[in-house]
């Protein structure tokens, strides 16, 4: 559990809302509702019971903090949530309560909720990524001919153009965002498999229920993944790679913004003791995310050796890890979009710094422009 | 940012309260209060101003969510918090506002708050650790002569006693808790160094202010550690090692509790689809913590290369990482204390399993008892 | 630096050969040869010089240990290697020495050598993966109707079939191998960009040289990736995910092979003190790889924030990390192929264990078979 | 398995020698020798057999590569090594062969060898650390009054002295080296516990054998730690923290050495394409180590949940991880000792850069000197 002050730099308002108690709780309840409805459509649940379940399945009827506390006894919040939902349904219609959560298991709800929420982050991060990509492309085009020092091992190298540098940022960010997007879409597969992944409790209607549930929730249909976590692992890795690519841009901008270099500047913010000072606050947020994500990826991968048909430990470690990863990725994306949009470029200073180095003038003009175009074409 | 349902298994109620917005905010404000008081005592701040600052510095006067949002502009919540505190003081007494946060920098408040909060976790985890150690010692004594199968690479080995096995758990947990405790106590050092770690803004009273502040906050006094993070790193590592030792016990208990082994059983909890089933819920929570902590330790260590007098990224990555680590450690401690306290031991089954293996009967009696005592003496 | 006894369980003979000094050195020299040849074809290098370079570029002419020692002065072995190659060429033909390494930079050679070697691992791991996949499919088919206990949180759950369990292993391993294969193929792109990634030193022939070099080395052509490491990061992550999937199978087999469970058995090996004992040695090697890889993935990702046109630290950290990752992945693949090929299945014991649990008999027959087919169809 | 060219930057010659096949093999054989001798002294082994074992136990009699290959069958090289040693002893004296490896288990040899080798790294890294500490102290003293810009978030802050900055490096490096040293000394405890950690196979002489073995090998005596790995974990963490502290110094030096800053310079080395260029090669090697170590620490911690009396996976993952960690730590130490010893400081440039920033001149003189002394006193 953490708080705005502890975690606030590692998320965005929109992503924090996706993983708020209300949102998580409603996602879980939406799945119970959808399940009741599709089971009713398939004749497994009376219409009246489905209606009672749908009516009861509203987040504001339940106490997330209490559910989380009770979750410790079974190592999942779904057990107390299902009990509470049954009780609520029973209070309205005793007979309908037995149809809550019919034939499924807690992991079905938990896993499906997780990918529902991950899928909701796609348009949020996607919008930011689009802003960032467009701006980077524009800066790269504008500075296609802006000469500056190349620097290797933090020392002078032969000249480059700023347009080429920005195109390199663009290529890494673009490629890794495409992969993360694809990874989330692939992971957004319904989990509906029953207690040990056999769908046995739904008799001969198991796969039909699963397909209908996938359709109702706008998720992909597919076989059980209760202990086959490679798609989620690709999401975790995709977050790590994209944040790494954003961190590369942040590293460069923060270095170019040093007082002694002064080639670019981000809007930045003040300090508590020196209000006149301009800080690379956006780069700092992205770099903080890039410091955290490799370890979070390792935390996810370390849980993959999941025992038999449901893991003791590896599964339960996933939620906080993935929630932290996707929020850090979104925070870094937003920070760098703001940096790109507010970036001031001092082309004159770039030339002066380069000239001061006295490097042999291997004008990069010809090939550099071709390379820049190749990099901008990365998908 | 996360929530009860995302993070609930990875903390305890008491630890979650320590890292709640209200608690974090009040810790930060307590430091501003203490600073004003000690600066007043040293003649740097008028008594009236100190009183106004103390009166204003109450968490319920401020909006943590709003501060966290504003924090993005400067990459620290202290900048907006100091501004808000100044404004609140000014609204009561315009002249006193200039004495808020006198001569210090945002990192002084943030770092000192972090170690204040870490120190508060000591009695909480310490109480749990004492319960656990006492119970493990008692179980080990009770089963000093209880023979059971030794198992290497998950296969039969020569016999051991259950008392010896429990003493091994005890040794690892005890040793690593002692180290974590010492690491937190060492880290609980005041940070009071000013904008670049020189105390220059406090003239010749800098060290006197620092010492008095340390005393007021019951922290150790010492030189600046604004970019010297090795003591915090030892806290992070200490969490990783202790959780690893708890995870070893959890791994063993969960294996011994398998239906086919049946030698011990923890109280456990139900499942949503099979209410009659008994689950190793306590072990599962500890194992989940043990899956997450190695990566979190890596995340902390990855931030240690902090640039110059304040890092861009490495520093800002610390709060969520340490908060997650200490809470996971406390959650695993509590889980294993509950497991130990509720543990059922089936000595008869232990003997039967051992006999079934037909291993050569190298009775461990003599040396095993001496080894058990050595292990219980681990400090 | 390590040795057979330190690292031997974490590789295969064939993969260790790929990363041996001789192989690495020859790969680097092959690139210098190919460069001279294509530059000769494009009129940049005299034919005679190209021939002299090709003749000199043989690994057995150079001392890898000495080069590695000299590498410390420049943080790359390419600097001393190029010097040594120039000297060797000069000793035969003084005029030709100037054409060694023409217009390129040390990272061009190092990066291209890295992906050449990674590409060579594809058929090696691929062959093992094919053996493993075929055997898993055969076992799954054979045991499509073999009933066994499902187990969640290491406790009894409703029955499954062994065929379904094996199909789940197959799905995770298959999917993640496909991804790793694609990641390596994408990463196998020539690096030929010159000192700061502009190809400036090759005038208007830069891109032509690069294309010809790619063709000569059978690598993909593409823009510079000297500080755009997302494709290599995908290789690192792909290793982590695949090893995680193999670790899941290894975890299950080692649990099912416990004396008290006895449902399957791998060929295994002896112990030094109990020669009659059968150990899950194959699973153990795969599990050891799965313990190591998450942290190695984190180590790769932590280096992605590469400064400007060549990183100080992040780049140099890649070789040992990727070499360890791909070898661990190959070792785990080979171990599990051996386990699958030597697996003994005790269907009778599976049924007995299941019956002993007294779980409600939700025969999984119908849906389980459909799910099994879906899982086997995973690509 | 890797090679000079893959791993050469991540070690020193002396440390690579410690983990060479010959050294590892001889360490393992030395333990078998010492065991035979102490068992002979205690009347468990005939003098003649002990002499035969000691005579046979020479590394050059065995083939490390072959042993490593055979190790895969049992997941430890000790099984084939003991078999080969028995065979060699038998070829001289058939009756003595039965006394090889008497009453112990493969893990006893492997664990004891690991800590013997770790202990041998102490004087190697210790010598380097002493050089580094002395030089840092001297630089700090020399530049106690050298004013320079403080920099926070890579932007100008109030002035500091270079002496204070160097004292901060010194404090972090000194503290973490003290801790690593203590961790290695604590870990250097003999492992002698027999097949399941009970010493049963040695009857009533088990503890006497263990004590004598510890004395013979100059290791500490103590109870079994076959699955209690917290002391080794402290070694792993100690490597991570020390390398982090060295990485902080390397980060600062490489930033101060930028062409545009030019305040310090390390001896550095050339590049393959620009021979005149001076590179921060020492800092780069230390930074590369600092990138790799956090993930390696995570890899160690991830293996701590070791099953029962010997782990399947977690134990076998330790050797390559610890060997890589300690070598990276030594490599970073050596690199930074060379950097400190060859450091050029441009005090004039420091003042010029500071003046150019136009920061308010809060001369740090008084407090800064006191803080510097406090930092130098860190132990």
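To keep things simple, chains are lettered A, B, C and D as they appear, and every chain counts its residues starting from 1.
The criterion applied here is as follows: a contact is a pair of C-beta atoms (placed from the backbone, for glycine too) under 8 Å apart; a residue touches a chain by one contact, two chains touch by 3 or more.
Just so you know, these numbers come straight off a predicted model, no measurement behind them.
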*asked:* Based on mean C-alpha positions, I'd like to know which chain lies farthest from subunit C.
replied: B
*Matching residue numbers in more than half of the contact pairs is the bar here; say which of A-B, A-C or C-D clears it relative to B-D.*
A-C
*subunit A and subunit C, separation of their C-alpha mean positions in angstrom*: 27
*With chain centres taken as the means of their Cα atoms, state the distance from subunit A to subunit D in Å.*
37
_For subunit A, give me the residues that contact two or more of the other chains._
75, 151-154, 157-158, 194-195, 201, 247, 250, 254-255, 271, 274, 279-281, 284, 287, 290-291, 293-295, 297-300, 302, 312
*Can you check the complex and tell me which residues of subunit B touch subunit C?*
149, 151-158, 254-255, 257-261, 271, 274, 277-281, 284, 294-295, 298, 302, 353, 356-357
*In the complex formed with subunit B, which residues of subunit A make contact?*
1-11, 13, 15-16, 19-21, 24-25, 28, 64-65, 67-69, 71-79, 82-83, 101, 104-106, 109, 194-195, 201, 247, 250, 254, 268-274, 279-281, 283-300, 302-303, 312-317, 319-321, 323-324, 327, 335
*Quick one: which bits of subunit A touch subunit C in the complex? Just the residue numbers, please.*
75, 150-154, 157-161, 164-165, 168, 171-172, 175-176, 179, 193-204, 206-207, 222-224, 227-231, 233-234, 237, 240-241, 244-245, 247-248, 250-252, 255, 287, 290-291, 293-295, 297-302, 304-312, 362-364, 366-368, 370-371, 374-375, 378
